[in-house]
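The two complexes that follow have chain A in common; it is paired with chain B in the first and with chain C in the second.
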Partner chain A sequence: MARSDIQPRTLDTYAKPEPATLRGSSGFQFPQWLVAMLFIAPALLLYAIYVIYPIFQSILYSLRDWSGIGAGTYIGLDNYKEALSDGIFWRAVRNNIVLVIASIAIQLPIALMLALLLSAKFPGWRIFRAVFFLPLLLSTVAVGLVWINIYDPVFGLLNGILGAVGLENLQQSWLGNESTALPAIIAVVCWQYIPFYMILFIAGLTTIPLELYEAARIDGASGWRSFWDITLPLLRGIIRTGAILSLIGSLKFFDLVWVMTGGGPNRSTELMATYMYEEAFASFRMGYGSAVATLLFIFAFVIAGSTLIIDQRRSNR
Partner chain B sequence: MATSLPTSSSLDPGNPPQPRSFRSAWLYGPALLWLLAAGLPFAFVVLSSFKSVKEYIADLWAMPASLQLSNYLEAVEGGIGRFFINSLIVTVSSVVLTLVLASLASFPLAKMKFRLNRPLFLLFIAGAMIPVHVTLIPIYTLTNRLGIYDTLLALIGPYIAFHLPLAVLIITEFMSHLPAELEEAARIDGAGPFEVFRRIILPLSTPALSTVAIYTFIYAWNEFVFALVLLSSRSNMTLPLGLMQFSGEYSVNVPGIMAAVTLASLPIILFYLVMQERVVAGMVAGAVKG
Partner chain C sequence: MTVDKSRILRPSVTSSHLSRRRMLQGAAALGIAAPLARHTGIVGAQEATPVGGDQEGTLTVWSLTGAGLNEELPQTAAARLTEAYPNVEMDLQALQNDPFKTKLRTSLGSDNPPDVWHSWGGGVLGEYAKEGVVLDLTEALNQDGWKDRFIPGLLDIMKVDDSYYGVPIVANTVVFWYNAELLGDISAPATWDEFIQLVKDVKSDGLVPITLANQTKWPGAFYLNYLVLRINGPDFLDRVLAGEASFDDPGVVRAGEMIQELVDAGAFPEGFNGLDIDTGGSRKLLYAEQAAMELMGTWLPGTIDSEIDDFSQNLSFFSFPQVEGGEGDPSSLLGGVSPAYAVSQQTEIPEVAIQFLREITNDASRDLVVDAGRLAALKGATYDTETANQLATALEEAATVQLFWDQFFPPALGQAQLDVSQGLLSKSITPQEGAAQLEEAAASVREG
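Right after this comes the complex of A and B.
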């Protein structure tokens, strides 16, 4: 198994004491830090070019009125003022928040239920797991194209099913209505990513000693009791991990919305990332797009920072 | 977060069945329901891909009259082969180079003591938090300035860079748990640091490397945003971008789109079916990245 030998550990234990220098085969001694840096340099260079530098560059661009050609003009914080007083921007922020909350509230419970089902290892569970897992492997473009056609008002599978079971009054243009477009996309997000949290929970479940369940059964506890008193408390750490991942992941959402609705109808599915993309690459307002990107970075930074601080507090306790 | 990750040994197929306080019969209901929810779209895609447009529009539930391959032929004529090759080139180069760069960087981070060790490690893994969209505009202008806009080369840099955080985390963790005696013995025999890395540490790290390889492969194969921003001509498109292109051109030809979707997804699904456990483990390891 790929990861079976990796033990969880804290960050401070990764460096073991070593001799101060490494001896080269020639007998000449390089200082250890220089040897280390030579190993790290190629990765660090690429990482600096494509991850670190662009963040600062984005901040610089965001201070300009700039179409992407020439240098543009310096306009201070005007782009930020515009974004923060722009209803569409806040609509995108709100949609991002709805996406986060819905993701956590829908995906995690269903994923936990599926994990519990599969870990009971009923006959044929492996086939079930294989199918459950499939959506996670597809590209979001493929997923989006498939679901556009499932949601199609006239020829789509969903309205077809509703019609077949006599719920014609629920049939509608799922992606065409402002009120249903975002929920429809959230359903697809869940469809694709529940398997991810499911395997996370399956892995977590197997760390719970079976003796606990045995003991509970002997004490006469019902299945529900042992779920509430054993499974849930012992899975708390992994559930929290899942929630954090869901939180960070939802800021990265773009593909599915871009493919399925392009942010519409009437901005009802606009996210920060899609808004930024449209402004920068469709309207060629690269300066303004950079300001939106920088705000996105600030959100990500604040979320990551606060989860880190909460983590620290917990481990210090 | 990383510290709370489970080990994947729990996903081993060899685990004995675990009795839980549920009865099997009760489990099938919800399990079947989700099987339907997860599987139905796949059935819809595959069945539709064999229909003619007429058949598709006429009756959603009808089986295709015959297994006609015309949609698949059309996708091939539309150049899906080219997209496939482009995706393969970009994905394989990204995987190989990610492994090389990440394992080189992980070796000193795991095995050497120097002042910048912890700051550099944290700098690398912090990248997992950054939404790629923050970097899109600068990477777009940079790519233009480097003169590699609309080439496959344009994608490889960002793909590697954004996979380094997870790769460095996984490989460093793994290497730091390798016993120190082995490298010490080699060092006494006069091996330099690079030889220790190449002869001792690297071969022992294959489990971590394969996890990173699988994870990077799946994500690079499916990546869309960078391709959207950094490529423009049809002959350079990767599969996800090519699928978008098809869907624009085909519009009402839904069976044609479904055939293209099937062809584009088939390699990853086959890959998964062949090495299920490893892929599952790789994706769990990808948890940090989310």
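Right after this comes the complex of A and C.
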């Protein structure tokens, strides 16, 4: 075989086989989408059984008056009518909105600040990074129990410290007052989840080329100037991701509230998810609980979906 | 949150609390009672059953978790049963309180329920009975004098429309416990006025009169339950359910006023609605000797001793005071049963399941209850402490034993009264509003 026969086939030819197919041993070509489907199928199947199917199932349950045993009776949209005129449900919705706003407005800025501090790589930064990260690693139930004790009106650390520095008049029964219970829980939520966004932002910061900062410095930009004009714009995508994660997480939030107050006192910390749980599994009104769950799903779906669409439009412009 | 009396009593009995003597006795009782049961038939007061070798299958038993009676009772009963039915496999499963309630309900609605399961009797059992998923035990109870083994008022907790659907083993009642070291020799307040005076006296000594951890709402609901029992009498709740009486009643409003009178007298600790009973929110104040009393079930001493050795020896108790002009008998008690057991309608081996219930309510089981320092729902127990004796006497002499409302009513109304109780205690609703909310919830139960 003449050498010249081979020559026209460049390296490129080998590096790029036809992209849309895989070659079977018999020469049969699987379309790429089919191969992709085969790989996705097991995960998709599990997802369909344990996530998608239950969503539709609970929509069906939400149309019934059902205590969990027997068949229940079909009552159309009565559960939804009841929910929409139920003061406790709206209180839960309002608490969820407060939690969403507080989470985004408190967690993201503090997380960004910590990320910037840690990326300054001052002596001992690794220790600080580990310490800041710790709350995220703890089990939520353990976090809740620890904070129950910190907030204890008589024996708690917080009131103890306030008393020790002469601020007795600020002492509260933090989880026992309707006015302070929700803020007290939001503080713990932030404490636990700030590290997550911190790590997200640290990862984002490493993707910004240092040359940009050097160039800016040569052009005389101060620290603040380069933060506003380089760091923030280049982190935009990450911040957006963080905000959406925080939004959805806050809408679905359940565990810390359940452990620390169970939604009380007097429903002052009730969230949609805790209300759903109580109605379905304590009052055993499975139909009504399913209706609350479906409303929660619709809220989260619409809010998250519209956020994504608005964002998409903006970045296309 | 579902009412969870058993969770707080879980640590009450571990082997470390039993003296060596008792453990030996217990072991001897177990070793001996089982053979006796087969050969003489004294256990469960039934005729000598031939070894039931012809019965085959698996007996699934769902109980609550807990190192104490919750698991010990079914385990020892199962061990005895295995000897009589060598071809029956025992499948004992212990579940946490809240998952238990959810899982039981789901499985009773399915084709594959457990054969035997822990119950609390009352409204939930009634609901299951009406759905036809519980086995009627009336006939079995009438055989061999089995029924006569139970304290009647407690067996009635398992009764729905003149049929029995379960058997109780351990009885609970609620009394005011107080630290006698701290209060000295007080005379038990017989009337509400004397009680309020006691609260005020204790308060002026700089103590929290009554500790309370009401995050889960059921500890505070004892006040509403007891006051309505004292004021409106024993049949009131039945009449409310039947539509012959209304919760929107002057007596219920008065009960709300009396609860708020207690709150105004400073009876309860700071922030009690945020304190969690499961993590000791109320008991911490007792231990620090900052609080003097607690209205709590008979499981309290055991719970306390599992947290601080022998602290319960400082405790004495008095009954909930009488209310002047009330229709209730002052000897009536608020209480319940747990564990109790029921059988599924769908079980394939009902004979074995019923025999399991006979084993778990026999003398050996009763002795286990007594040794654990708890009250038996079975007759003929002899208690070796003064407190236990007094409580057992009070229980036997009680004119009525009113089941805790959250177990007496169907779940939705049971939850509603918890909310009303917490609202009254935190004064976020008026007594009139509380009564109206109760009536609203009762009305939807009547319709449903």
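Heads up, the rule we're going with is that the second predicted complex is superposed on the first by the 265 of 317 C-alpha atoms of A that agree within 3 Å, B and C clash if a C-alpha of one lies under 4 Å from a C-alpha of the other, contacts with A are read in each partner's own complex, and residues count from 1 in each chain.
The rule we apply is simple: contacts are C-beta pairs under 8 Å (C-beta built on N, C-alpha and C of every residue); 3 or more make two chains touch, one makes a residue touch a chain.
Fair warning: this is a prediction, and the values are worked out from it, not measured in the lab.
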Original post:
In the superposed arrangement, does A:F155 touch chain B (first), chain C (second), both or neither?
Top reply: both
Original post:
Touching A:L145, do we find chain B (first), chain C (second), both, or neither?
Top reply: both
Original post:
Looking at the overlay, does A:I69 come into contact with chain B only (first), chain C only (second), both, or neither?
Top reply: second
Original post:
Given the touch rule stated above, what does A:K121 touch, chain B (first), chain C (second), both, or neither?
Top reply: first
Original post:
A:L46 contacts which: chain B (first), chain C (second), both, neither?
Top reply: first
**OP:** Could you tell me if A:R285 is touching chain B, chain C, both of them or neither one (first, second, both, neither)?
**Re:** second
Original post:
What's your read, chain B or chain C touching more residues of chain A?
Top reply: B
Subject >> Common ground on chain A, meaning residues reached by chain C in one complex and by chain B in the other >> reply: 68, 145, 149, 155, 281
**OP:** Name, in rising order, each residue of chain C that touches chain A in their complex.
**Re:** 1-2, 98, 101-102, 105-106, 108-109, 127-128, 131, 133, 214-217, 269-276, 279, 281, 284-285, 288, 290, 411-412, 414-415, 419, 422-423, 426, 428, 448
**OP:** Spell out the part of chain A that touches chain C in their complex, as residue ranges.
**Re:** 65, 67-70, 145, 148-149, 151-155, 172-178, 181, 261-262, 264-267, 278, 281-285
